[in-house]
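Next come two complexes, and both contain chain A; in the first it sits with chain B, in the second with chain C.
And now, the complex of A and B:
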């Protein structure tokens, strides 16, 4: 992925900061908007170079649509994860079968890898231990398949189809 | 009482139940890795429930909408940062040599580290 121009990176940082400002003040008073725009412009000027590498390309409608579809999917996976944990904690025999497995990912982008690691940590029975290149080392509470392919099938595949569109 | 306040109360109750399960998991699980599993997941969902629930509850009681938007900002922040701290903790635990539970099945990470170490050694020997 080639790097975006400086103007596009700056504008993207500005938009993100301004949206956060809108949420924090929760007011549409022109005075608030003006001071928010000024502060966002200053902070964006200081940080745009480390904040993003792709600039406004992040706001492509297809990416935004997939991102919005990803939110309920992710929340549902998270609720399932918690019910699973609740079952394991409350069951008198404590049915766990832990181990560290290895997974491969197809994602190339660093932000995408971070999003995938976070998603893995919050979903059923898995927590990311280390990422090295395209290998993920994952502590799995109930190992069903210890091989690389099987583990990838079970853990990373369901998220990758969303994250590939959002971040690649 | 409006519907929003009811939903808020329900979410807060839902969150506290998961807080309780998270604490119980800390007591019942056998080693540090499995404890991280329960603590991270349940505490994150519990916090989300309580925080967003408080926002909805306050709006339903007739307070300003700012309660809800600030609660959402805090919730998103928590959702993004909590798994990273869990990842840092569990990696730190592994690196400082805390063993896995004796019931554990596989440890691919150790194999990976050993392979890396032996490759590095070969390179160094080749240089000499």
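And now, the complex of A and C:
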């Protein structure tokens, strides 16, 4: 992964911030748009270097399409996760088998790792404890497979197929 | 034990005494004297929809100038108390990749949101102080996530000074045009934005002053954080 040019990074940061501004103000009043553009330009100038490493390449249509597809997929996994935990809480026998397992990821990009860690934490009975290189240490409420490969197959693989396209 | 019992008795007496005093004030009844005047005249006199910011910046601008001064003195005081020749961050533990990447991603959003708060001071709740504090939070986040992060001092101190001066200059222009300090010249002399109350470009000099205050508070609190997080290093 090569680092994008400064102009590309700046433009990407500006576009993202301006879209956030549009959501914040929820109006297309030309006065709001003007101030929003000015403020986004200032903040982008101050922060583009730490905000992104790949710049405009993030807006590749394939990535955007996968990102939009990822949102319902992730939300569905989250709903199932919460129902599963509710079941475990309400079940009289309390069917839990907790433990800490190690997983491997194929993601190289830091933002991708962040997205994966957060997705893991928000879905079925798994919490990311630490990320170290390509190793994930995960607290699992119901350990089905303690080996590294098995755990990765269960926990990280379902998200990786999306996140690999979005962030790699 | 005796000390604690005595303290409880004294606090109970004070509490009873305060409750006696407050029991005479009827709750939820119209007791406005000056407040009514503000609410009825705030729109045509200042152009602000948010009456609180109009009172704070426009009707009672001196208080806000005093508050800004208090904050400046606090920042200078912390700087003076903790002044050493050689100071460095001594934290050892770098955060995990989740923390550092997350902070990097959030930093611009928090800054933009801080600016959103202070520019809309005359329309929505908030204003310069919350906006500035939000911006300082962004820098606090960077300080907490990275062991080596430092704000650009030169730029920050100069910006802080210019922002403070800007407030006084706006007041002095009012003195020159309208005859008293902090006279709202943008609204009352230029009539800028009188036709579109409730939109962004209205509210007289409230957005201008709140932009200045936001920048000043943001840089000032960041400076205080910076001062407090550094420790002296031995040669």
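Note that the second predicted complex is superposed on the first by the 168 of 168 C-alpha atoms of A that agree within 3 Å, B and C clash if a C-alpha of one lies under 4 Å from a C-alpha of the other, contacts with A are read in each partner's own complex, and residues count from 1 in each chain.
Keep in mind that, in the parts below, a residue touches a chain if its C-beta (ideal position, glycine included) is under 8 Å from a C-beta of that chain, and two chains touch if they have at least 3 such contacts.
Keep in mind it's a predicted model, so treat the numbers as computed, not measured.
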{"item": "Clash or fit, chain B versus chain C on superposed chain A", "value": "fit"}
{"item": "Which superposed partner A:137 touches (first chain B, second chain C, both, neither)", "value": "first"}
{"item": "Chain B versus chain C as contact partner of A:117, first or second or both or neither", "value": "both"}
{"item": "First, second, both or neither for A:79, with chain B first and chain C second", "value": "first"}
{"item": "Partner chain in contact with A:128 - chain B first, chain C second, else both or neither", "value": "both"}
{"item": "Touched partner set for A:24, first chain B, second chain C, both or neither", "value": "both"}
{"item": "Touching partner for A:44 - first (chain B), second (chain C), both, neither", "value": "second"}
{"item": "Residue contacts on chain A - larger count, chain B or chain C", "value": "B"}
{"item": "Touched partner set for A:100, first chain B, second chain C, both or neither", "value": "first"}
{"item": "Geometry of the superposed three-chain model: angle at chain A (Cα centres of chain B and chain C, steps of 10 degrees)", "value": "70"}
{"item": "Which of chain B and chain C A:13 touches, first, second, both or neither", "value": "second"}
{"item": "Minimum Cα separation, chain C to chain B, after superposition on A (Å)", "value": "7"}
{"item": "Chain B/chain C common contact set on chain A", "value": "20, 24-25, 117-118, 128, 130, 132"}
{"item": "Chain A residues touching chain C - in the complex, by the definition given at the top", "value": "13, 16-17, 20-21, 24-25, 29, 31-32, 35, 39-40, 42-44, 46-47, 50-51, 110-111, 113-114, 117-118, 128, 130-132"}
{"item": "Residue ranges of chain C touching chain A (in the complex, touch as defined)", "value": "96-98, 100-102, 104-105, 107-109, 111-113, 115-116, 119, 199-201"}
{"item": "Chain A-facing residues of chain B, complex", "value": "18, 21, 24-25, 28-30, 33-34, 36-38, 40-42, 44-45, 64-66, 68-70, 72-73, 79-80, 82-84, 86-87, 90-91, 94, 100-101, 103-110, 112"}
{"item": "Chain A residues touching chain B - in the complex, by the definition given at the top", "value": "20, 22-27, 78-79, 81-82, 85-86, 88-90, 94, 96-102, 117-118, 121-122, 125, 127-130, 132, 135, 137, 139, 141, 143, 146"}
